[in-house]
Each structure stands twice: as structure tokens, then as C-alpha cells.
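Two complexes are shown next, each including chain A; its partner changes from chain B in the first to chain C in the second.
The block that comes next holds the complex of A and B.
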């Protein structure tokens, strides 16, 4: 079975999102109404009537149910509804994989990928896990929670410290990612955080979980976003230039079955990885595209060190050289691999990765606020820390 | 795009389940341990080591998380994890659709579809919906709950009564389905309810929601079950005869966007449907297989009237003639369309449809307890009442 079967069969033809709110800002409006606005906006962008959407795809147990969306929009047909199975933003590109498979196999003609986050109810993403939901801790946390390892920042801090120990990575390297991302956001009128940030500002921000400081950690937001996918054939008749799905994949770390740090599904030889080497290998192997072909990358930036490790996992630099890679300016707008060009999770908004995909589409359309000249290939790397993670290659 | 692209690319090569317990019987054992037993059993049946499973598929928000299953079994790779998006047993065949797409497109080599139900915690499936979970009622129920329409039996009773009014269907017709299913279970050593049932027993069982009596309603169970899928090519090298996926689909009722009875997503011209006409049309259209080609059918039997309406929706008889079809003995073991040959949800076990798929595989292997001679084509119809519903065609 050739692995690149999916290539060039489906395309993203519409993108949309609500206003970007602070955590809890849209609590009264609610998850479902926000999802509807994002769907309407994305369909308008595509020039497709929402009642013509016949498939729905999401991830992270999104609460805006597919059948209620289909009913609300008076769907003429309702032929597909799937959820990438896993937590947080890890499954984001898996939701696009499912959507693209449904389109490519003829199961559905037009699939919306949506995610709506409205944090008025329940726990915060960033707090100790004991406070999230009402179902108790996931089993692996039974081994780490008694020692106080309970919040996402604490877990990712361990991988960051390990990378520093193993490869000489410094907080300046993490800071470069934060500062560069803020620089991107500063020219994006929609971004939530646009004030200039210096390396000194980064270092002066309050400690969260050593070595992570506040500006190493993404914000939390209320936001909904959606993308419309259809076949490449149909895309040719629509109003916006399509962003073709060149490849999409899901995958766990390559030593998934052994020696996992509880709650930290990123095992690797060095325990200092974003756990994305397998999805990277799959993606390059399937698509025939190489890291050097990528014009811009949108790598999930919940915590700055995970971006650095993601750059290594995806092969943009060698293992352990992520620090030098970012210090050399490669991820800046004028660098070899402009990164998170709309401001990412750190400075634009935290949409569990949807706005990373949307920014990738904008780069391929040529209308990004920080446009990479003639961008033809964009990588999206999904969230890390829960498995499976995922990745997506879009081309013009 | 030819719709039958999936045909003959993936096959079910292993089946397994736990013991069949009464509701709450395995509460101390728990959902996850039960899922693991089902996976081990299904993999042993296939002759595949569980660590070689690289994809996971489920539905109805199954609580035995894919990443924990992969971790538990020391997965060598972890490349796919998806959930059909929707409640109850409606998504069962959607989980097989996702698994088959993942195998057919090369995303995964070996996908387990699993479902584990352990009802020690939370509400019962059959009770008023206000008692299920902690998140409040789904929005559509806001319109019907104030009038007392709150339990599944009440909702399906409305469609049953409508079918009786519109087409002259009788409680004897519903009873024929219950009695026939019990007859099938009586020769199945694993079935939970094997005592003989007469039509008089059916009519004497206590009323639940008019016209439904106790024996029109399925049981509730603690059970986990799993199936292993891989490519048809690889299946040829395995120990058991493969059950090929000839077609799989998901779909909502054909007038999904209009006039839905709240909580009852089965709109149709007559409001007396199982809401499966669109999946039926898709399935026959895609596969080129016709209702007359089907040797046995496993149609989700949460409530007897929905089986009768499903037989109509799938085209085994004309609309309104389901009563006469079952009265004429077509669904008996010696009839033209032996139905739910292991005893179904009504008499074998309530596994949200997994045991319907497992029985379909057994029929195709030729080792069912109530074997249909030379069965070559078996239909599985997913649950109804929430959307999207789903359907699956398996062939020898």
C-alpha cells in the first residue's frame, strides 16, 4: 500500500473563526453558539451553504455535537461524523485526516472541521488535572500525582529541563521562540497579545514551573474556529484558492509502549522530545516532501520548549540543535523557516491548533499578515503531551 | 468519485468479547480492564500480537482510551485513533468505517474496534435522560422534557405508535421479533436470556411505554467486545477466514434538517421510520449489493419496532409492510432473511452493537450457533434514535 494515497484528493476551501476572547469571556454565549458562528464564517469564506455540509470532524471531545450542528443548519445530508480520539490539541491534524479520508473515499462531499472552546464551565486547561472534569484522574497520573506532578506546565517542564541537561539548551533559546512569536502577533490585528516583548521581558516574567516562565506558556482563550474541506475537483469551482491536503497523519512517540513518563506521552531515547518523530517520518515518507521544501511551519506552541523539540522531531535541524537553530534566526519571518506567523498559541489565541491550520491556509492563499513570499508548502504540527499527536502538510 | 472505493480493501480477522454480565455486574472490574480482555481475546482469535495493533477505533465516547490501550499493550506503533461522533449504538458501523478507511488508505496496518460498557458508574442507558451524566440535557430535549418525554423507551414508543396508526402494524408484529430473537438465543450458550418465550409471554410482560412492553425493550449489560481489522492482503495469511468489508457508511435521516421530533432523530415522510433509508441507499448504491443478496441481517434491536422499521428502511420489504414481513416468518432461521441469529440486544447481550458485528463475522466463517447455510453476505444495521446512524456490509 503506497502511503501517499491521500495526496491531492481533498483541500481546505474555507476558513473562519469567532472573535478571540480571554478565558471565560464568552461563557454566556456558550460553546454551541460559538461553533455555529465559526461554521457560518468558514462556509461563507468557501462560498458553500452550510446546509450542503454533509460531514463533520473534530477532536478533543468537542462539545458542539455534529448532529446538533447538522440539525441547526438544516443539513440536506448527514453522512459523516468523527472525532480524533485523544485529548488537547494533539488530535487537531487527525481531525483533518478523518475529514480528508471521508472526502477522498467518497463518504462525504463537504466536511467541516470545527473546534469550539468556551471555558466558562468546568476546569481550566492549565490547572492541576485533579480539577478538570468530574471523572477522576486518568490512570497513568496515579503514579505521578502523589508527587505533585499535576499540571501541564509541570509535565512539560520536565522535558524542557531534560533537554537543557542533555543538549545545553538555554532559557534564551526558549525566549527566542516567545519573542519571535510575539513579533509575529504584533502585526496581526486579531491577535490577543500584541505588545512588544523583549528577551528581558521574557526572562522577567514570573516563574510557572522551572524552567518555564509565564511567557513560555500559551494563553487560554474562548474561541471557535472551523475549516471546510471538499474534493480538489470541487475546490476548483469555489471562490478561494484551495489549500490541498498533501499528507495528514496521526502517531504516538516511537517508543510509545515502553518507559513513558506518566502523563507525558513523549518517550524517546533521550526523554527530551516532542514525541513527533514518528508522525514526521510518516509525513515525509508518504508525501515525498522533505523538510527543506517547507516554506513555513505552524508548530503547536503550548510551551516554548515543545516547539524547539518539534523542530528537531520534524527534522528541520538535528536532535539537540534546536536551540542553535532558533538562536540563528531560522524561525523569524526573514529566516529559512518562518514559524507560527500569526502569533500562535503564545500570542494570537489558543484554539487547540485550529488557528495554526487557518494561518497555514492564509499563507498558501498569499494573504497572511506576515506573508512568506510564494509560500507553497506549509507544515502544521499538532499538540504534544497526549497521544496520538498528528501532523498535516498543505500545499498550494 | 466511485462510492465503492472501500470494497474489498479491509477485513475483520479477529473477534472477541468478555463474559456477558448483567448491568453493574462487572462494576468492580471496570471499563478499562474489560476492554483489555476483549482486545486480547480478539487478537488471539486473529493470531495477531496486541503490540502489533497500530490503530484504534470506537464510538459513543467509549471510556477505554485508545492511548491507554496502546500503552498497556506496548504498541510498537500507534498511528490512528478515532471515535465515531454520536451517542449510543448509532455509530457502531461508523467505527468500522473509520477503521476500514484507515487500513485502506495505509494510515494503519491493524486497527482494533472496541467498545466497553460497564455500568457501575453514572446513569443507566434506559432511564430518563436527565439522570445520565452531569452535563444537563442535550439542547433538543429542552422542548420535549417538560412534557415528560425523557427516556429512550418513551421516544421510540412514539414512532411505534405512529407506525401502528399509519400502517396497521400490531403488537403481534413487535412480539414476533421478540419471540424470534429469543428463539435464536435459546441455542446460544453465551446468551443471557435463553428461557423460551411465547407470544403470550410477550403480551403479558409489563408495560414500559405504550405500546412497548418489557419484552420489546433490550436488556442492559456489562460487556466489552472487540474486532481486529487489517488489509485483505494480510488477512489471507492469518488463521481465521476474513470477513471482508464490502461497504460501510454513516448517515442521518433523509429529512434530517427539518421537522425532527426532539430527541428522536428519525424524521421521514411518515415519522414512522428507523431513519436508516439514507444509509441503506448509500450502502446498496456503493456496493452494488441488493437486499435480495443478503443472507442474514443483524439489525440493532434496542426496541422491537425499530427492527421492523429498519427492515423497511433497508428495503427488505416495502414501507408499511414490515409487520406482514415478520409475521410471514421471513426473519426466522428458516426464513428468507434470518435476523439477529445470536439473540441480539433483546436476548443475547447489549453491547451497543458489537455483538451484532461479531455474529455477522461468525455467520461468514460458518461457525454461528444458528448457522445460515453458505452465508456469503451479511448486513449490520447500527443503532437508531441518534444521528448519524450507520450500516455495514460484510462478505465472505
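The block that comes next holds the complex of A and C.
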């Protein structure tokens, strides 16, 4: 099915996460202890002893360092460590790419991808640069923050407005994504926000940065999660059915740079996008898999417009037709492309994409709360609005 | 500190960027311009995206532009903005630059909420932050001025 050299060599064989907390809820436990719980849980799911993990991969400058994890678990060998560039969840699928490459090339036998977020300890992603004080702004942000442009919601509102201007996209289209995601979360006992949401509720939520309202923005959470990867050969002897890595990519469009966070010099089509056009092109090109082959998609939903534009970037609809695509019900559980079936960043938990990967694995195992019948191919999109972003295709 | 957006952080000046801010302090909008191919670029970078030359100099540009996109900030993420939300932040595309379009993140001053639209013609103005530095900001262009 797949032409990517990497295809069929590595698989996700274990998944795990901590409880899903509100921002700051697990501050006393701390980032590292949270990471350890996620690693233990994922290894138990795989049936692999944590001391047999010999490689570690993460992203977004995760604070739970590979060498500390290896020492903590008494790893018999420490062979591989990789960090994917990019802030927030943009590098997540790159971390899975790094892990799968390590397994496929024999650099390591068993690699854990982990991410731990205690926002009370590490600062708030939702506030981005608002906390920068007398020490000065990082140079790229000197051209935005002095004007008050300093939070992700504000930055992504700029792309949303441009998309609305060019293609007639409306706030109802953004609302459809929020409502659909909440509907998915309503049947997920682990999701943080399960109460029903209507379009009227969405429109009545308080304005954050026009055109974005509160219900267009994801929550902030304390959470850690981990996935265990090993070779497809070894996976056959483990307790769980493998989710095979079919392909993975990371990168960004020409002159995308910091993307919507600072810069704004990319081509107009890439400005009014999630910045995932090139990782999508490479993903489909390498794998031979087509958008129409995908049974479910986990598209990074920190802000609803980025989902709409991500659907376009990945070619599920034409450029500019994301609004009509979601309005026609394609992303619903009974639609052609069930989206973020566990509730996503918007309603389940904000784990910088780890729970999107975990949900993709569950869909392929056949034990998701909102199971897509016979799901065989699932797409995961990494965080958007900056580069490198990343993408991952998993198959049964 | 900006007169129009008090309490927000001032730009950090560096060897690469101080010419931009000091020109604004003198009432000029200056961009980096490639010494080889002449392309303008922003924010400042060490090399030309078009010809990769390391040679560059500051070059004054005309200072008219068109609103490319905008937002009205309603939620005061920065505590200093509590007293003056909603305020706008816009990205404008500058007129008469060489190379690919050059865009700036900025503020549009003196515009009603209904009047700020994509495509609005605007003209640069300067908002002093002290120490001889100013933020380039924009105001709607006078009718017939273009």
C-alpha cells in the first residue's frame, strides 16, 4: 500500500497518559513525575519493561530530558535521543518520525515518545509572550509584541480573517468544528469538557480575538502522555496490535519561518493556511496513500480555523472549500472523514497532540470510544501556525 | 513605551534590527534592502532570501500600504491592555517594495471598528517609545491621497 521506505518497519505498540488536569492542577507533582507515570503506563500497555527502552524522542523542548528518563528507569542501554524543533505541538509527528527512523535503521530497539506539560511549572502556552519582562523580547517578536500581538489566539485570528476575506469562510464554519468536537467528547468519559455545545453556545461564548471566540480556542491542561515504538517484527510478539508507521514528515512552506507568530512573509495561500501544505504533499507523495484512503483524521485543533485550513492543506477538499466541507458534515462521526474522534484539544485535553496520536492508535486497534468501523488508515497532523510542522500516517 | 498602547513591551534592539527602530524614531520607515539584487525584506535577516547575499543596507520606503488582515483583540492577555481592549492589530502589505510583498505587523490608529477592512489603504505614522525609538503604525490614508 505504501511506497515510503519507512513504511512497515516501526509501529506504535504501547500508549499511555496521566489523568487530564486543568492548567496548574498537577503543579505539585511536576513535569518529570508526570512524564514518568505516562512512560510506565505506555510500557505496561505494550508489555515492555521501561528498563528495556533504549531510545527517547520528544519535541517542543520538552523538560523531561532523555538522559534523566533513561537514568530514572535504570535503562540497560541508552542508545538514542532526539528532539524535534518547533513550539507547541508543531513537532510532534517529527518526534514520531525520529523514533520510527531510529527503530527502522537499528539505532535503537525500543523508543518512547513522551510529552509532559505542567503549565503551572513551565509557563502558559496560551499567553505566549505576555509574560516577557525587562529581559527583552526574543528578536523576531520585537516586531509583533509591542503592538499587543502576543498570544496564539491573536496570531491565528489573522490567518482566519484572511481566509474569510478570500474565500467567504464564516464563523459558522468555525463553530461547526467546535460543536462537532464537543459531540465526540460527550461520549468520552476521560474528556475534560463533555457538556453539550450548540452553535448558539459557540456564538455566545465571549470574544477573544476577532473573529475567534472562546469556544474556538482549546483549553489549557496539565497532562503527560507517552507512546512506545518498536520494530514491526518485534511488535508481533507483544500484547497489543501494532499501529504501523506508514509515513511521517516535517517541514514548512517557503518563507514560512515563525509563521503566524512572527514574520508574515509567506505566500498568500500559505498565510491563509495551517502551514501544512508541504508536509502533506510530502506525506502523500512518499507513501502513495491518498486523502481518500484515510478513514479518520486527527487534525491539530488548538484553534478551529486552523483545523479548517488544515483540511485544505491535506487535500481533503480544495483550497478555500474548507468551510463548505465542514458545513456538509464530512467531519462528523458518520461523515466521510471522522475528525478528532476523542474530542481533540478543544474538548478532550490539550496534550500538544499526544492524545491525537493515542486516539489514532485506538482507532486502528478498534477500541476507540467513537469507533470508525474497520479503520485502517489514520492521519495525524501536528501543531500549526509555525514551522516545522509535521504529519504522521498510521495503518493497521 | 508606546503612547497608544501603554504598558506593552518595547522592542529589543540588536545589531540586525536597530536601524529599523531608529529610523522610525526619526520619522522614516526603513527596510533592509539587499546590496546585490535590491530585494527588500522584513523582519531583518542576515541574508537575502532571493540571492543569498550577505550585503545589505537600510533603505527608506514610501510608507503607504494596504491592510492584508487584522484582528480586534478583546481578551486582554497582557495585563496592561485591560484598560484599552478592544484594540486592533493588523498586518499591512507595503507599496512600492522590490521583490516579494513585504508585510509588517502593526496597529491601525484612528479607525472605527466598522471601517477597518482588508484592502484599506493606510499610511505610516510613528508612535514614540522613548530613547529615540518609535513603532511604525498606520492610519487610514486621506481620500484622494493615493
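Annotations for the structure displayed:
Just so we're on the same page, the second predicted complex is superposed on the first by the 369 of 396 C-alpha atoms of A that agree within 3 Å, B and C clash if a C-alpha of one lies under 4 Å from a C-alpha of the other, contacts with A are read in each partner's own complex, and residues count from 1 in each chain.
The rule is simple: contacts are C-beta pairs under 8 Å (C-beta built on N, C-alpha and C of every residue); 3 or more make two chains touch, one makes a residue touch a chain.
Owing to the predicted nature of the structure, the values given are computational and were not obtained by experimental measurement.
Of the two partner chains placed by superposition, only chain B is touched by A:386; chain C is not. In the superposition on chain A, A:81 makes contact with chain B only, not with chain C. In the superposition on chain A, A:146 contacts chain C only, with no contact to chain B. When the shared chain is aligned, chain C comes close enough to touch A:158, but chain B does not. Once the two structures are overlaid, the count of chain A residues touched is higher for B than for its counterpart among chain B and chain C. Counting contacts by the rule stated earlier, residues 138-140, 265 of chain A appear in both its interface with chain B and its interface with chain C.
Contact residues on chain B toward chain A in their complex (touch as defined above): 1-3, 5-6, 32, 51, 56-58, 61, 65-68, 70-71, 73-86, 91, 94, 97-98, 101-102, 104-107, 134, 138-140, 231, 249-252, 254, 256-258, 260, 265, 278, 282, 286, 386-388. Residue ranges of chain A in contact with chain C, taken from their complex: 126-130, 132-133, 136-140, 142-151, 153-154, 157-159, 161-162, 165, 206-212, 255, 262-265, 271.
Contacts from chain C toward chain A in the complex involve residues 2, 5, 8-14, 16-17, 41-43, 49, 68-75, 77-79, 81, 86-87, 89, 91, 100-107, 118, 129, 135, 137.
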